[in-house]
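First, the structure itself, so that you have it in front of you.
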Amino acid sequence: MSPALLYTGSGIILFSIGLHALLVHRHLLRKILAANIMGSGVFMVFIAMGVHGDSGVADPVPQAMVLTGIVVSLCFTAVAIVLAVRLNKLTGCTTLAVDEESSID
Amino acid sequence: MTELIVQQQWFLWMTLLPLGAAVAAFLAPRQAHWIGLVTALLLPLCALAAIAAATLSETQTITAGNWPTPLGIALRSDGLALVMLAVTALVGFIISCYALGYFPVRGHHQSRARYFWPLWLFLWGGCNALFISGDLFNLYVTLELVTLASVALIALEGGKAALAAALRYLFISLLGSLAYLLGVGILYGTYATVDIILLGDMLAATRLNHAAMSLMIAGLVLKSALFPLHFWLPQAHTMAPAPVSAVLSALVVKCAYVILLRLWFEVFPALDTIAIGHLLGLLGSIAIIWGSLMALRQERLKLLIAYSTVAQIGYLFLVFPLAHTETMASAWIGGVLLMMAHACGKAAMFMVAGTIHHTAGSDRISRLAGAGGPIGVLVVVFTLAAGTIIGLPPSGGFFAKWLFINAALVSGQWWYLPIILSGTLLAAAYIARVLGWAFLDVKRSSYPVIPWMMKWPPLVLSIIALLFGLIAYEPVQLALSGAPVSSPVLVEFGP
Amino acid sequence: MELALIFDLILLITLIALAWLLLASSDIFRAVVLFIAFGLLLALAWVRLGAPDVALAEAAIGAGITGALLLVGLGRLGSAEHYRGTRTRLTFLQRLSAPVLIGVMIPSISLILLLELSLHASATPGQQGLVNVLLDVSGTNHGVTAVLMNFRAWDTLLEKGVLLLALISIWSLDQARPLFRQNDISPQLTGLARLLLPIMIIVAGFVLWQGDHAPGGAFQSGAILSAGILLAILVGYTLPTRRQGLSLRLLLAVGFSVFLLVAAATLLSSDYLLKYPDSLAGSLILLLELVATASIAALLAAAVVGGHPPDDLSKPVDRSSAVNGGQT
Amino acid sequence: MSDLILPAILLSSLLPGLIIFTLPEESVRLRTTLNLGGAVVKLLLVALLFFHVAKREYTELRLPLLPDMELVLRADALSLLFLILSAFLWFLTTIYAIGYLEDSPNRSRFFGFFSLCVSATTGIALAGDMVTFVIFYEALTISTYPLVIHRGTPAALHAGRIYLAYTLGGGVVLFIATVWLRAIAGPLDFSPDGVVASLDPALHGSLTIIFALLILSLGVKAALVPLHIWLPSAMIAPAPVSALLHAVAVVKAGAFGIIRVIHDIFGIGFSAELNLLFPLALMAAFTIIYGSIRALSQNDLKRRLAFSTVSQVSYILLGVAMATPLATIGGLVHLVHQGVMKITLFFCAGNLAETLGIHKIDEMDGVGRRMPWTMAAFTVAALGMIGLPPLAGFISKWYLGLGGLAAGQPWVIIVLIGSTLLNASYFLPVLHRIWFVPSRQDWPSSTLRDGRETTWALLIPPLITAMLVVMLGVLAHSVGSALYWVELIATREYGP
Amino acid sequence: MALTDLITAFLLLGSLGFFLAGTLGLLRFPDLYCRLHALTKADNLGLGLVVLALMIQSDSWQVVIRLLLIWLLVLVAGATVAHLIARKAQQDGHQPWRR
């Protein structure tokens, strides 16, 4: 059991935990947290699978990709939070439950 | 002159131009609409130049920075990319014209107008960057660019339903793209490259690769709203302002699908895709029937159109099971043709629905009763555009269905015939229902005058959509250049 | 080696447990705080994986900016967490899809992946070698920076676009609202800010310069600067907002614009997107990093503030909210 | 020049149609000019083409659609037959429709689709291969649907739904059959010997199924029993539409398609070899009798005419299905003759409805005194339908009978005689009511200044077509008549 | 094992004690003000010991200065934050715990 494999597996577990929470939870902030944890899991797979041998130095290419990915997921988080706040201001809810009733017009 | 055209990498300019214009529109909000219009005028010209350049030059792939491919990002001007660039330029141009009328520069909603332009230009640039990308990670970044812009555009309407739809779309997209990205990560970990061409050469049929493939396909299927993962689409597409609905249905859904096409035909041919192909075909078939039935039940025009998109996406996914060795080109071209035709037709339909909403005060289908005068013309435009959705000749949809049926017959998968046919009839039924209301002989109220820009652009686009089949030869030839398929387009039964 | 493995194990178990706890906790504030802790531990994991660049970014973003975003958002959402009241009517398929996904797909996919990964671990040499070979001509001495700013600069350009786009999206959604009550500035905080701001600027500059040969770079540096800006906002600093905040807009957009201009210039001169001339590569990357840092700092801070500046439009706005919103 | 004439013929109605869509309701003059201008231009172009084809100068235009698929427009003798018929009758119907729809709402919409409909019909006539034919055939379906529901009443919408269900259902079957045939046989250019005769005998089974699918799908529009349901219900449409549907566009498109399939895709010899024609002949014969019997019991004038159409169109199919030169002549010439006669009848029925509000046969007592000219035209056409010599209908039936004998199928004679008797028994009572029964009510007197029975626009077209009914019969053997032209086709088809 | 290592270990163990005490205080003390008190005091000292331990281990004076800076910054930030929290609590009306 090499450390790289350990981290890869943990990444997948984090991804799954996040996926589960994203689907199950209603509260918008919790969904956002879940998506972030999913993302962390993916990034961990990226980096850990790029670790080769015992050199202990990760491949710079996936590192760069993960940096890009972190920024992208930060952007989504920021927009999602503002959307959630805005929605909360209009409906008083912190969930997506509103669109069923208001979908008529 | 010729040299000037060949020497410039026009397809790259097509990504830089809208992105630059988006920044400009952000910096100068009062001039945003002019910046948008000029860009929308320039991009079709660039597309023509890019096509001309591509037909004259040999190379279809360059890399950013000219670094060798495992390291650099491949940017491709192959047939698929050029065709999508061109269609996006055409549809985008017309939608931009329409948006000029839809978002008045002065008056109550001017903040929406100001933010529409930079967001839309970002989306356009993102789409273009996506179409030319030959690198799985770069595709992820471009896809997210497109998604984020779409989310903001949906939310632009400002109502709570729109915000909820936008937020749901955001979560769904995140889910989809993270699944895709996980697959990319696994592929990179195994092969140390994310270049489509290199991966296509190296990939072996291991279980790990199959898992990566499943993840990527699942993520993209979610993003392209295939049944049963379509549940987010109707709300997202109907709650947005009309030009945005047009953009989403015509272009954004296609983005994920284009990636899927590239993956399926260029990255994964070595893998065992038959079962997944059949699964996608099955889901596509259900989507056709389910989407059409739901469209038939809708009370609101925009929802009807959105569900029709769900059904049309179903057709797109028939490509995968139908693409056997001998029918590969049929299915592939059919899919590409349907994408183009649907982009034109659906954009026109959403724009008409927006205009009707604007004019009649609601997009309830029953409000169309006795539609005459200005609305009558709109209904006609709607019908013309719907021709391509039903698959009436000479629209592109007709020839796409021809190719699908041809592929289904020759590959011996006759069970897709009744699906395609009932989809056609159901589509005719839901369009006829709209027409029926519009033709209903009742006394009608007078309607306000329709702005010029909200009437003519959809008309032009719907006529293009209806007659697309007559001019499809050139686009199809273009798409075939550098296509990952090499069988004849119209296949005959083998001996 | 064994000790290291045990450390890894403890770290990963803690991470997973934290993730589970924070997602399952009934108190959303607690979840956010745990998430910040999760981010810090994750940074440790990146260090363990030999990715200090990512670790820096994770600490600055995962724990820092994202945490700030979440806390500010939580504050604005209000404490009322009445999401049990309205139950959504799910369709049958929606009802079905979640359990199927959770119950069948996740375990099976995870299992397959884990099984396969154990067979395929470290099958390829990666691109380490290639990057090292080309490092000399890349204009920088640090692998990750070379990849980010040169080899895969197109990705980075688009990523900068995403960042700007996110801000435009935020501005399109809402008007900036105050982060705090105006009469609430503590003199101690002001003192701290006076002390910290210069240090932060120096540290940001250091991290940026560091990026040329060691972990660091525009993003990490920008994140530090943005924290400084937020601190400045918290103690009541304002920027002039004449001409609809054009200067602010320029600052936000300059990173992406310069990147675009460089892309256009290289495309014009060499027919290849973002192919820097050999002699200019170093200075171009430095320029790009500088403007990117400035923009990132402004963008991140503006994202936390959340909303367009109040004078963005001519329509009348609520005076009280116009005071300290978008003047990063 | 001759390359451009074919698209020009198409565009002469397509372009005015598209422009008319965008016209506001009030611009009557511009719309009328466009309508008539397009019709006249088309007529002139068709005449020009006629002389080319008469000299055996066939023009052809190919436009690539997909790799290995082309849009083929070609003018041969058979297409000219249909083309002349549609161009000429469109011209008259346009005049009639302008008069008929005066002051009614939504005229821009109506004339727009009307022009599209004629463009599609023209395209069907000029189609040079099966793909092109299918394209225009489906286009015809969709452009007639708005015309059928034009009135916007619930009944009209219901009829429209039935119409659409039948024709589109037929359309998709035709589509599949064509794709299948294309996948078996390659390019499907119409050629006198057919294109499938040389195929591997192992494929004959598939070919038989395809033939059946083609005939069934085309039979929807040609109103073969039991696929005819839509036709009587579509009577709800305005009279010019009915006239066009029955005489020129829709039913004829179906019949024309069947002719094309038998003659130019499968080839007469090959069809006969596969024993495909006899079932068709039986179906046609059954339709002839069934349509006539149903017509007997209809009180609504237009419904009676509709069932008469069901019956009469199958004469064409019967003639074609018997596969002898004489029978073919009879069938093809009936394509023209039935069109001219039936359009006259519908014009007259429209005049009754528009001027006097008469829809039912039992309201027609003595109407001949109030509208003598219209009723004279009606009488001529009805007698022609019955087959009274020397009118047009007689010529068709004569050749059909001769053809049946020549083919060794004397039962055809019985069918013809039976149908003639039935024709007589549903038309003669109407004529009797018109002329000999005294009117039961006072008709509103003419509002026109000179006391004409109705406006010129409504009167001229039926008179011209009635005259044609006479001339096509009397002058059947002179140069330029329909019979002359059809004989030309038959000799080119079967050899001298 | 050199002397420096021994000292380092000793210092780290000491810091552990302080952290433990701080954490215990955080968990067990009755009100916010007491908890703040326990946390800031004990943790600052604990961190100081850790920093000291690392300083002994480091081999260049630059690192020593950096470590010192870090500790000072944490001290300042910790003090300010503790003050802010306490002030907010007081404004919100939290009464200090009394026996």
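By letter and in written order, the chains are A, B, C, D and E; residue numbering begins at 1 in each of them.
Rule of thumb we're sticking to: a residue touches a chain if its C-beta (ideal position, glycine included) is under 8 Å from a C-beta of that chain, and two chains touch if they have at least 3 such contacts.
Not measured: the values here are computed from a predicted model.
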### Message
Spelling it out: a chain qualifies if it touches chain C and also touches chain E; which chains qualify?
### Response
none
#### Entry: Any chain in contact with chain A as well as chain C
B
### Query
Greatest Cα-centroid separation from chain C: which chain?
D
### Message
If I rank B-D and B-C by number of C-beta contact pairs, which comes first?
### Response
B-C
### Task
By CA centroids, point me to the most central chain in this structure.
B
### Summary
Greatest centre-to-centre gap (Cα means) from chain B is with chain E
## Note on the structure
Whole-Å distance, C-alpha centre of chain D to that of chain E, is 98
### Summary
Taking each chain's centre as the mean of its CA atoms, chain B sits from chain C at a distance in Å of 30
### Summary
Here the gap between chain C and chain D, centre to centre from mean Cα coordinates and rounded to Å, is 72
#### Entry: Euclidean distance of C-alpha centroids - chain A vs chain B, Å
27
### Query
Among the residues of chain E, which are close enough to touch at least two other chains?
none
### Query
What are the residues of chain B that contact at least two other chains?
71, 137, 141, 144, 148, 151-152, 155, 186, 189-190, 192
## Note on the structure
Full set of chain pairs in contact is A-B, A-C, B-C, B-D, C-E
### Summary
Per the touch rule, the chain B residues reaching chain A in their complex are 71, 137, 140-141, 144, 148, 151-152, 155, 159-161, 163-168, 170-171, 174-175, 178, 181-182, 185-186, 188-190, 192, 235, 239, 362
### Query
chain A touches which residues of chain C in the complex?
4-5, 8-9, 12, 15-16, 19-20, 22-24, 28, 31-32, 35, 38, 42, 45-46, 48-51, 53-54, 57-58, 61-62, 65-66, 69-70, 72-74, 76-78, 80-83, 86-89, 98, 101-102, 106-107, 110, 113-114, 117-118, 121-122, 124-128, 131, 143-144, 146-148, 151-152, 155-156, 159, 162-163, 165-166, 169-170, 173-174, 219, 300, 303-304, 306-307
### Message
With touch defined as at the start, can you tell me which chain E residues reach chain C in the complex?
### Response
73, 76-77, 80, 83-84, 87
### Task
Show which residues of chain A lie in contact with chain B when the two form their complex.
8, 12, 15, 19, 22, 28, 31, 35, 38-39, 41-42, 45-46, 48-50, 59, 61-62, 65, 68-69, 72-73, 75-76, 79-80, 83-84, 86-87, 90-91, 96, 98-99, 102-103, 105
### Query
What does chain A use to touch chain C in their complex?
1-10, 12-14, 16-21, 23-30, 32-34, 36-37, 40, 43-44, 47-53, 55-61, 63-68, 70-72, 74-79, 81-86, 88, 92-98, 100-101
